[in-house]
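Once you scroll down, you'll see the structures, which are given as structure tokens.
Two complexes follow with subunit A in common, the first pairing it with subunit B and the second with subunit C.
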Partner chain A sequence: MTRETALWRRLIGARARGQVAYPVSFLLQLFSTSLLFFVELAVVALMFRQVDRLGGWRLAEVAFLYGLSAVAIGVALCLGSGLVAFPDQIRQGGFDQVLTRPASAFVQVLAADLRLDRLGRVLNGLIVFGYALVVLDVEWTAGRLLYLPVVVVSAAVVFGALFVLEATLCFWTTQGLEVVNAFTFGGATLSQYPLHLFDGWLRRLFLFAIPVGLVIYAPSLYLLDKHDPLGLPGWLRFTAPLVSALFAAVAGSLWRVGVRHYRSTGS
Partner chain B sequence: MAPTESPPLPPIAGEEGLGGVGGLTTPVRLYLAVAQRSFRRHLAYRAATLAGLFTNAVFGVLIASVFTALYRSRATEGGGERIAGFDVAEMLVFVWVGQSLIMVLHLWGWWDVAQAVRSGDIVSDLMKPFDFYAYWLSRDLGRAACHVLVRFVPTMALGMLLTDLALPRSPLRWVAFAVSVLLGLLVAFAFRFMVNVSAFWLLDVRGVGYLAYSAVNFLSGFLIPLTFFPPWLRGIAEALPFRAMVMLPAEILLAKRPVAAALGVQLLWAVALTLLARAVLNRAIRKLTVQGG
Partner chain C sequence: MGSGDGGEPMVVARGLGKTYRVATHRGGALGALRGLVDRSGRDVRAVDGVSFTVDRGEMVGYVGPNGAGKSTTIKMLTGILVPSDGEATVDGLVPWRQRKALAARIGVVFGQRSQLWWDLALVESLDLLRHVYRVPKDRFAINLAGLRDLLDLDPFLATPVRQLSLGQRMRGDLAAALLHDPAILYLDEPTIGLDVVAKARVREMLARLNRERGVTVLLTTHDLADVEHLCRRMIVIDRGRLLFDGAIDELRRRFGPHRTLVIDLEDGDPAPAAGPFCPGVDWVRADGPRRWLRFDRDAVPAADLIAAVAARHRVRDLTIEEPAIEDIVRRIYTEGMGTP
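The block that comes next holds the complex of A and B.
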């Protein structure tokens, strides 16, 4: 395991240095992706010009969800760049070479790409998150203070596992599927709002099938001390680490099944 | 909110040989043939279409839920039934029109011309005996016609199936809407074309792309009707061409505006941006240096 970690760090380090070599272009890209982010946030702010509370949540509380979700998917997108680029690797036959090398296929795929500009999303998320924490008068008990970082990591793991599942699917389809965007980016967008705004299949989908709601909304009820109109069991607020570990384990074993199933495209 | 990184469409063999019929084809027939081929080519992507519809459905329900919650919250706070000039039923129409028009207008992720610049194919394209702008516009019109059929209509149907979407019944209003969408497409195409042509000056157009599409998302009314904006921002948005893409067509469909005046604004922008895009193209051609050759 340590050998794999060391390998990953060396490969990723090389890619990171390559990108920062052109600082102007890098900064411009950070700026332009940030604009897209804040435009979407502005839409939320515009809604709050019409109401004081949206589904019982204030702007700063929605901003908390917004920041949390952005940091989580930003980390997953950046560290999982190789997974996101995996469809191209499969189609171009690059995965054949990966299998011939005496190192973990997963680590090699993960390190095959690194898009540092995606850290912009993390940065933006942190700004919004910071704003929310300053404006909200959360009573920071020891429990909340300890649970907050756990929740951030759990949410990032769930999004990361989603990207693993997305990549795994390519073993069968040999191409990227746009459908998965509905789950990954749909999940990211949905988790920016209180889950009780949504009903029926959409809520159940992102609560139990893709547990984005269990790692962002449910813990936030505890962190922000909010009333839960859905009446979910109280202990569900504390299952974020367990849920993310389980989801990652499922994604990991499916990945291994996929690797065994892999047949070269022959190109 | 939007998946911005979609893979480019693979080229179809045989498309290069258009118009080479010994000068027998008149220009109009040539562009019609181009549009027709583009239509058929896009019709072939069945899996991508189904996937796209699924994504539209998820995002449509998601955005519709947020707006519905906004109206409900407003009611509990004792506010009126209208927000920013729309009641909740009209807002649902607005949301689903936006989702349905994404691919008709191709709001994001169109890089065909930029790729031709990058690969150098642009040189042979420019030498062919057709108008470069008209050629790409024909292709885009063919593509849009296909997307009306396989994206607009089904997405609207999904909206009616999944939410309380009730569409206007007046046929005349739909005719006005169709004309409005066509004009909106001319504006959207001219804008996209200019963003693509910036590849002549910049090697990496991704940064410009993000800026451009942030502007489209926010100022066209796609994310939220422009009537939600504070007066100063609304003034800016109404002085820009982006509202011709989503806001004006939606307002025409919802009978929020005198039709002739709205279409007139769109027509003006369509003409102005087309002329501008052609001027930018001419500048670019004069500056043309082929990458790597």
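The block that comes next holds the complex of A and C.
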């Protein structure tokens, strides 16, 4: 395991070096990617010119959710670049090459690409998150301070696992499935708003099947000390690390099933 | 345990077969989704009970038309694919059961797809592969020095891979596949897309590799000139079945019995363009002062024929042409293995 981690670091490091070789162009790219998402944010801000609150949440509170979600997605998108590029890799026969090497197939796929410009999304999230923290009067108890980084990592893991699941589907279908993006990027967009704004089945889907709600919305209720209009059990606010670990384990098992399927069909 | 370097062949395939299930295609996203659940379709027998062995140090051409089952066979022998039936060992290991262990002992070059990192210098790519294959540092230094010499890498070792010519890239890929001292090298279309000069260069390097280092090579190609230049033995496969396995000379004897004597005549010689010359020998073609005489290799000794021609005609120059392997193999594909 440690050997594979070391290999991942080395492969990803080589990819990163190529991209920061031209620092000016890299920084420009980073900022332009970041700027792109402020348009998304402008929509939210415009909404708040009409209404004071969204489902009982103020602008800064929604900004808190948005920032949390954007940082997590940005990290997952960047470190999971290889998974996002997997449909192309498998179509061009690159996965065959992966299987002829004496290292973990997953590590090789993960490290096959690294798009550092996707950190622009993280930058964007951090700025929004910073704004929220300045405006909001969060009472930073020790519990909240400790839980916040755990929540960020858990959310990034859940998004990463979603990308694993999306990549896994490629073992069965060579055509890219646009439908799947509804779950990944749909889930990402949805997680930027208070979950109780949404309809029942959508809510349940993104709480219990694709648990973005359990790692972003539910912990935020605790972090921001908000009332829960859904009446979810209070302990659900603290399950983010457990939920993300379980979801990642499920994604990992399905990935292994996918590899086995690929090796028996070669499709 | 593991491989004995002794008498056991490098590759043993016995009754190797692979059946694919080809799904009936549906359009659109919904069709793709349905394809996930509904596995109906028809079975395609890509490889149908293929048996052969490859000895250590041998260089064997594995040829067949597109879709014959070449790459499916290679995928089973590298551990990528699990066969539907049959058995195989490579260097004493069962490829699909001991994939990772085998991966450390084989080198694979896909001519159509580089395994080098596009945006890194060649030498950096090779260094990354050193970690993938866990090659000790001193071993790596020795191997790289040898490969730099064999493949003449020095002129472009520091060049980013995306800037390499196709021929240079292929040499880089060969180096990448050889860094960890593989016992066997699988080459899949190693000269595809190369110009004549680069092709000749790569072939010469492959021949040296096999001759000087004793690396076993299984060469898959549709360019039979590769096989003609490099291999003494070839395996021909079509529609999943093995059609021929033996020496290339043997293939010629069995399926290409006719050789051709090409003669350049002095001006004004009245040799005909077509018609019989003597039993077993015919004029078959003319082009200016050049004539083609086709003769049966078993019935007519070449020396006798040359003497007979020189006695009747004024000959300026002559050469003997063997039937091109390409023509012979094409005939095997179309006419099967019946009497030639």
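Just so we're on the same page, the second predicted complex is superposed on the first by the 259 of 267 C-alpha atoms of A that agree within 3 Å, B and C clash if a C-alpha of one lies under 4 Å from a C-alpha of the other, contacts with A are read in each partner's own complex, and residues count from 1 in each chain.
Keep this in mind: a residue touches a chain if its C-beta (ideal position, glycine included) is under 8 Å from a C-beta of that chain, and two chains touch if they have at least 3 such contacts.
Source: prediction; values computed, not measured.
When both complexes are overlaid on chain A, the residue A:P102 reaches subunit C alone and has no touch with subunit B.
With both structures placed on the common chain, the touch criterion links A:E40 to subunit B but leaves subunit C unconnected.
Looking at the shared chain after the overlay, A:E178 reaches both subunit B and subunit C. In the superposed model, A:L242 makes contact with neither subunit B nor subunit C. With both complexes placed on chain A, subunit A has more residues touched by B than by the other of subunit B and subunit C.
In the superposition on chain A, A:A14 makes contact with subunit C only, not with subunit B. In the superposed model, A:S264 makes contact with subunit C only, not with subunit B.
In the overlay built on the shared chain, the residue A:Q50 is in contact with subunit B alone; subunit C does not reach it. Once the two complexes are laid over each other on the shared chain, residue contacts for A:G94 go to subunit C alone; subunit B is not touched. Looking at subunit A, you'll find residues 175, 177-179 touch subunit B in one structure and subunit C in the other.
Subunit B meets subunit A in the complex at residues 1-7, 47-48, 50-52, 54-55, 57-59, 61-62, 65-66, 69-70, 72-74, 77, 79, 83-84, 204, 206-211, 213-214, 217-218, 223-224, 228-230. The touching residues of subunit A, when paired with subunit C in their complex, are 7, 10-11, 14-15, 18, 92-94, 96-97, 99-103, 108, 169, 172-173, 175, 177-179, 263-267.
Residues 18, 20-21, 29, 32-33, 35-36, 72, 75, 78-82, 96, 99-101, 103-104, 106, 108, 110, 112-113, 115, 117, 119-120, 124, 128, 131-134 of subunit C are the ones that touch subunit A when the two sit in their complex. Residues 25, 28-29, 31-33, 35-36, 39-40, 42-43, 46-47, 49-56, 84, 87, 175-179, 181-182, 185-186, 189-190, 193, 197-199, 202 of subunit A are the ones touching subunit B in the complex.
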